[in-house]
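Just passing along the structure, written as structure tokens.
Every chain is named by a letter (A, B and C) in the order it is written, and numbering of its residues begins at 1.
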Amino acid sequence: MAKLMEDEVFMAFTTYAAIVILKMLLMAPLTAFYRLTKGAFANEEDVALKPMEERKKLLRTDPDVERVRRCHQNDLENIVPFVLIGLLYALTGPELSAALLHFRVFAGCRIFHTIAYISVLPQPSRGLSWLVGVLVTLSMAYRVLSTVLVL
Amino acid sequence: MAKLMEDEVFMAFTTYAAIVILKMLLMAPLTAFYRLTKGAFANEEDVALKPMEERKKLLRTDPDVERVRRCHQNDLENIVPFVLIGLLYALTGPELSAALLHFRVFAGCRIFHTIAYISVLPQPSRGLSWLVGVLVTLSMAYRVLSTVLVL
Amino acid sequence: MAKLMEDEVFMAFTTYAAIVILKMLLMAPLTAFYRLTKGAFANEEDVALKPMEERKKLLRTDPDVERVRRCHQNDLENIVPFVLIGLLYALTGPELSAALLHFRVFAGCRIFHTIAYISVLPQPSRGLSWLVGVLVTLSMAYRVLSTVLVL
């Protein structure tokens, strides 16, 4: 195994990165589930087995499907930067306790963000969980740039 | 060169990661090609050289352009997680043969997925190639979390 | 700190990766700003505090909000591949001067791309800054695949 994987901070990063990426991957089957139950598809070949007269009606957008897709998009916009910055952050050798705090808060925020988005919890629940997640990424980026800066 | 690049598994990961990212990058010129041939643009400045009366008509969505864009989005949702999880997986020191199997199946699936999406092949060709790609990523994530777990 | 962070090329990569990811993260608050000032929201819970009769009108798309979102999407499609390929590129041990040239041109292009997109600068300013960014990523991918190729 690579030396990196003997470093505790890097192992913690690996764990939480895998968790939030798995959470993000879950959004695709969730979208498929909503598409099937709501009967709202994007591609003609996806409804080819339905009777001809039904097909046109099934090629539509549905508010609940669009909501899951926005949640998935928000994951892409936030989880991918977290993993990329987090990788660099883990390599700067932070304290394990500080690193774990960053990773745990971010993972918790994003899991709660998905629940808030899909269950239509009243604001500011979704907004706050998004904001705290961004602040975690910014805090890691600050540590990265203040440790390593070659312009 | 970094020590990592002397590890055969990491070299294999690097090769396949570069291939699938290049495939994903190809979707942007493909979108541009469809926008030009179908005459469907998103930004007013992109049609500024056309005669005034044509401009409004060119600012529209086209089903074929939207299809390429969905394919590109699906790449973002699947190839980026593969590369991120694959990087961590390669660092856990798997057998070269097992790693190559994962990388080759994923790359094959995603190339076929694009062909199936753009050529409107009948389902379940697109669905299956998507699913197998996700299963490869899940299998690597399972290996990562069962080797390295610091919560 | 990990050995990697003592390598000058990797430190330069880390710096520029952090910069372009921070630039990408900025697109979300910019979208929020446009949503608030233009009064165009996507989720019913986001307008729950407004008077009942106004709510429906606020759940709409706005051309300026959509423009910022397209810019954000373009960042996802280009900055994420740059960071992933750039990481592998930095590990292949290029000359510091060559690496810095790649990173600086890319960062400059993407910052200019955002300005061109949001300020609606006439084409080909946006198109060219996108293209040069892609060429930088392709040049790094070429170096990666010509140094490390395990199929």
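General observations
Rule of thumb we're sticking to: a contact is a pair of C-beta atoms (placed from the backbone, for glycine too) under 8 Å apart; a residue touches a chain by one contact, two chains touch by 3 or more.
Keep in mind the model is a prediction, meaning the values are calculated, not measured.
The chains touching subunit B as well as subunit C are A.
When the CA atoms of subunit A are superposed on subunit B, the rotation angle comes to 120 degrees, reported as a multiple of 5. Each chain gets a centre from the mean of its Cα atoms; for subunit A and subunit C, those two points are 17 Å apart. Among the residues of subunit B, those touching two or more other chains are numbered 3-4, 76, 80, 84, 87. Residues 3-4, 7, 10, 67, 70, 76-78, 80-81, 84-85, 87-88, 90-93, 120-123, 126, 130, 134, 137-138, 141, 144-145, 147-151 of subunit A are the ones touching subunit C in the complex. Those residues of subunit B whose C-beta lies close enough to touch subunit C in the complex are 1-5, 8, 11-12, 14-15, 17-19, 21-22, 24-25, 27-28, 42-46, 48-49, 72, 76, 80, 83-84, 87, 100.
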